[in-house]
Amino acid sequence: MRIGILTGGGDCPGLNAVIRAVVRKATAAGDEVVGFRDGWRGLLDDDAVPLDLAAVRGLLPRGGTVLGTSRTNPYGSPDGPARVLATLERHRVDALVPVGGEDTLGVAAKLAAEGVRVVGVPKTIDNDLDGTDYTFGFDTAVGVAMEAIDRLHTTGDSHHRTLVVEVMGRHAGWIALHAGMAGGATVVLVPERPFDVDAVVAHCLHRFDSGFSPIVVVSEGARPADGALVTATGQTDAFGHVRLGGIGAALAAVLEERTGRESRAVVLGHVQRGGTPSAFDRVLATRFGLAAVDALAAGLSGVMVALRGTDVVPVPIAEATARLKLVPLERYAEVEVFFG
Amino acid sequence: MRIGILTGGGDCPGLNAVIRAVVRKATAAGDEVVGFRDGWRGLLDDDAVPLDLAAVRGLLPRGGTVLGTSRTNPYGSPDGPARVLATLERHRVDALVPVGGEDTLGVAAKLAAEGVRVVGVPKTIDNDLDGTDYTFGFDTAVGVAMEAIDRLHTTGDSHHRTLVVEVMGRHAGWIALHAGMAGGATVVLVPERPFDVDAVVAHCLHRFDSGFSPIVVVSEGARPADGALVTATGQTDAFGHVRLGGIGAALAAVLEERTGRESRAVVLGHVQRGGTPSAFDRVLATRFGLAAVDALAAGLSGVMVALRGTDVVPVPIAEATARLKLVPLERYAEVEVFFG
Amino acid sequence: MRIGILTGGGDCPGLNAVIRAVVRKATAAGDEVVGFRDGWRGLLDDDAVPLDLAAVRGLLPRGGTVLGTSRTNPYGSPDGPARVLATLERHRVDALVPVGGEDTLGVAAKLAAEGVRVVGVPKTIDNDLDGTDYTFGFDTAVGVAMEAIDRLHTTGDSHHRTLVVEVMGRHAGWIALHAGMAGGATVVLVPERPFDVDAVVAHCLHRFDSGFSPIVVVSEGARPADGALVTATGQTDAFGHVRLGGIGAALAAVLEERTGRESRAVVLGHVQRGGTPSAFDRVLATRFGLAAVDALAAGLSGVMVALRGTDVVPVPIAEATARLKLVPLERYAEVEVFFG
Amino acid sequence: MRIGILTGGGDCPGLNAVIRAVVRKATAAGDEVVGFRDGWRGLLDDDAVPLDLAAVRGLLPRGGTVLGTSRTNPYGSPDGPARVLATLERHRVDALVPVGGEDTLGVAAKLAAEGVRVVGVPKTIDNDLDGTDYTFGFDTAVGVAMEAIDRLHTTGDSHHRTLVVEVMGRHAGWIALHAGMAGGATVVLVPERPFDVDAVVAHCLHRFDSGFSPIVVVSEGARPADGALVTATGQTDAFGHVRLGGIGAALAAVLEERTGRESRAVVLGHVQRGGTPSAFDRVLATRFGLAAVDALAAGLSGVMVALRGTDVVPVPIAEATARLKLVPLERYAEVEVFFG
């Protein structure tokens, strides 16, 4: 068997671990692996690189992806799918392992429907992909954010300042929720629930009353209930991402005014998605890679591997990408005490 | 409601996070909390301390347990149970939250049978307690071991030496398995399967042939198939623990002789169980603490909280402590490529 | 002897280690210590707390300052100095150890001139205080920035993006210089030398040509040679600090336009000054604290302790605060290869 | 100019940073670099590898040495020096940069005396090489040891146990001194002063009295004043190194018996010398590499680069290796409070 592999969408700690696991497992079984560069672009442009054991040595602890990544969508141009199929044929690829999020896996599902043997590996640092308990990269991002919060507690308390920490999460608040719980935040604001600025102010003042300074963790996609806050200061780039000067800075300015205490914003940004993966993510990414090869060997297609409890199992791609996995606020009623 | 809490057995990153969560959740509901020092000893000797919000401030990132711990078993002396009940009555404790492993929870189950309202919180750094997907502390220990392995790769390769890393795990190889997968170990040896020294030697030589140096991760409880190795060098202390000079050192000596290459052993020891918890463990410990109070509020007893997938649920203590959770080697056939 | 201690200006990892060392050394000699809260404000308002061994237990690894800090200047109001002297007398303080930067030590020098026994401890996270080789906190800040750069390399390379990292340093580029050297930055921009945007663009393009993505480290106080860049986007707060949306974001926008490649800015901000100190900073802060008590015991006043090579020695405060310690670019010609 | 480079003796975080800096600086000046493998062995056996910019890309954060290392001494065999000279001639090497400790630099000094152009770079993780304020690798090792001590405090306190931490340092106690100061050890034992077991016991008991548990940091080369302790349990390998079961374990056993409290030993071992260098070490190693090329360009030979204060300067090799740099206990009288 000859397996093609590619990584698409935003990068994530653990992508290299997936690549390495696929190559090691395939090689041990006598299969061959070819990598395509920059996601689907590599298949459109026939930009490929053979991957053997030597090529993946030392990849496990390295962040990013040696294959590069892009947001290219082959279904965006009329001849795209045909070019992909031609490239697959040219490299005699029997089966494809696309590693990516909603968009990348959406393309994978279409190709599977056209007869290409595909087993996907889910990837989203925001942890918002339905069908799997966790995706790799999320634990690392939460760890980076938690360490930042740990550091900010001491400087906040020393200066009697509010510190607002903006973390990733455009549609789902998983990183904010976990980093906030792990870091002992005073308030956690997530996209799933528009927040009440008055309530946030009240919690900050209550925290100051106890002799300590508040930490407010806010997802980049969180918005106030009345909507006015962001209009003034939020900026979006060509991809619709809120950039520097986004919700964190806007909120800090409002809190400084409303609480009468200095406030500062910290926007963690890309630091959250780079660097060496945590142990949890290295194990999960490795197991995903191994399971993808197993699934191909078992003749499956149109599925992605997923974590369910402690098991890695195949699930239909279509089912997994049908909707975003949001934080079920009602289930996290248990942590209500940690929110405002 | 007045809740008593204690921590028993070996310490673990996350114990303080459990204590903090219990106190915060209980306080928010108008309940009171009293802590007992050094596990069941505090109930035998009436060594108690009131726990309010101020007492648990800053505890989340701190390793160890502010309540102290011990291996005292109240059922070890004839009047033990009576003294425990008397202490509970003296402090007007309505319900007990014991945090601990097999032994601590075993006592909890007996007390529940005698009518004490008890909701346990499972704790084992080895992750070998049945009934819960994971226990807190394990992820931190794996992370510490992985970082050590990351460091050892570079020194091993520079000196062309075999490095043997002995990690915790007396009966189950979870830490060795996860740290070995995360660290890219050449060979992982676990208590569940007596290992074949010849095979280990062969894998080490194969690794040297590739131009890199082998890392062998071995659980403290792993033993060779023929049994001879340990007799020569292993030493056990009064608790039956293998101490320094245990399996790691013995194996390094054998590998040096058999491979003709220098070998060194590193025994990670207590570094694995101390220090600040990882984000995963802080979140899990916090959720366990919150869920224990919820379970008490719901009128449950004789149960412990457990992680099942992404849910925290109550399960009968007896069921959870009936047997050790060993590494299911057959399910990890998927990672066979990483073992010898 | 009764010693007063206070911490002023921006907080810094190591402040608590100084406080602990002063208290331990003084206590061992039979002296007493009293702490004043929030810098000189504590002396103006008589806000004091006794400090004994129990009060400083566990402080060594903790960031921030348990005494709090502020930028209050007693010479800012006509009766300020008299109130300070009155508070010192009320608490029978024989000698004062102010820990702080240029401003705090400037007040210390004036008080010394008025007859108060004063031995200062220098503190500036920017490392720009003349008279000492290094100040504590700087090494920690550089470490935090380096770890961020390590992480950003992988995400930059995966996405073929320029990443701009804005670090602290309003007047001196020490953090940018050291973090850039340690992190392997493509370009380092410091306040000491206005930068040439064309040259930065050229270096970024050259880096892309080699198949890797550029990292540009920029001090918050660095400015382009032609001055136009900042006018458009820089914002300053009431203290004259460049806030979010400062030089890093402006530079990223320009580089994106000029290189034709996506660019992103990361502003590390307060994460650099919070959290547990590095070993270097804990040792330096501890030695500073011990040496300050030694200097008082030796009858010195009007001096601050300073690191010279591996020695900690007393130097006149006036001499040390006369001018900023800038990066001697000519001496760092040796690292020219790392700049643009 | 054609420069040869090699790394000898025990490996150390920062060796790769030196290699990278030499290659970058030399390449920028139009010079060429060739690496010899495994220290002097590469020159004896003509085992060489050309080093260009591509070869050193990504090396800065990597521990160990890509050139490998050994303890081979060319002056150990009669034809050794001639073979070294022949290899140098064969590769048209104009100048040599040996990176190593006392032994490696001793060979370098002899070759310089025979007319080879040599500029050495000092390396010793123990920091015991005279003539330079610090050597790279030391700060990283101290950081690793400090983090371990931070972790051990919490587990020690929870179990009311003494924890003995054995760190590197055969002849000099720099790592123990700095890690002990940074970690807040109760007692620090160094090779420079034979220790009094009674005094150690007394300090441990005093620490228990305060409600906390003692941490004893001991250099691998520290010995008790009466000498009896080691005879029983110490083991040395073929190189005279004390191996597992050395002073740490022996001391823990004695302290358990003498204090009546459980004691455990942790031997940090090779974890201290592997892995990514700290920022301090990356900067120092980089500056050393750059300065070595500068010194060659300036026509120097028979010197090594050294850190003096904040300057990197050339010093005669002979002078620097004449004697070990021991901890000047009298100067550290300032930290007396931290020892027993």
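First chain written, first letter: the chains are A, B, C and D, and each begins at residue 1.
Please note the rule applied: a contact is a pair of C-beta atoms (placed from the backbone, for glycine too) under 8 Å apart; a residue touches a chain by one contact, two chains touch by 3 or more.
Worth saying up front: this structure is predicted, and the values here are computed from it rather than measured.
A.B. asks: Where the centre means the average of the CA atoms, what chain is farthest from subunit A?
C.D. replies: D
A.B. asks: Can you compute the centre-to-centre distance for subunit B and subunit D, using the mean CA position of each chain? Integer Å is fine.
C.D. replies: About 34 Å separates the centre of subunit B from that of subunit D.
A.B. asks: Suppose each chain is reduced to the average of its Cα coordinates; what separation in Å results between subunit A and subunit B?
C.D. replies: 29
A.B. asks: Which whole number of Å gives the spacing of the CA centres of subunit B and subunit C?
C.D. replies: Subunit B and subunit C have C-alpha centres separated by 40 Å.
A.B. asks: Residues of subunit C that touch two or more other chains: which are they?
C.D. replies: Subunit C, residues with two or more chain partners: 150, 276.
A.B. asks: Strictly by the criterion at the top, what is the full list of touching chain pairs?
C.D. replies: Once each pair is checked, the touching ones are A-B, A-C, B-D, C-D.
A.B. asks: With touch defined as at the start, can you tell me which subunit C residues reach subunit A in the complex?
C.D. replies: Against subunit A, the touching part of subunit C is residues 7, 10-11, 13, 15, 38, 62-65, 68-70, 144, 147-148, 150-160, 163, 243-245, 248-249, 264-271, 273-276.
A.B. asks: Contact residues on subunit D for subunit C in the complex?
C.D. replies: By the definition above, subunit D touches subunit C via 24-25, 28, 53, 57, 60-61, 133-134, 139, 142-143, 145-146, 150, 178-179, 181-184, 210, 212, 276, 278-280, 282-283, 286-287, 290-291, 294, 308-312, 331, 334-335, 337.
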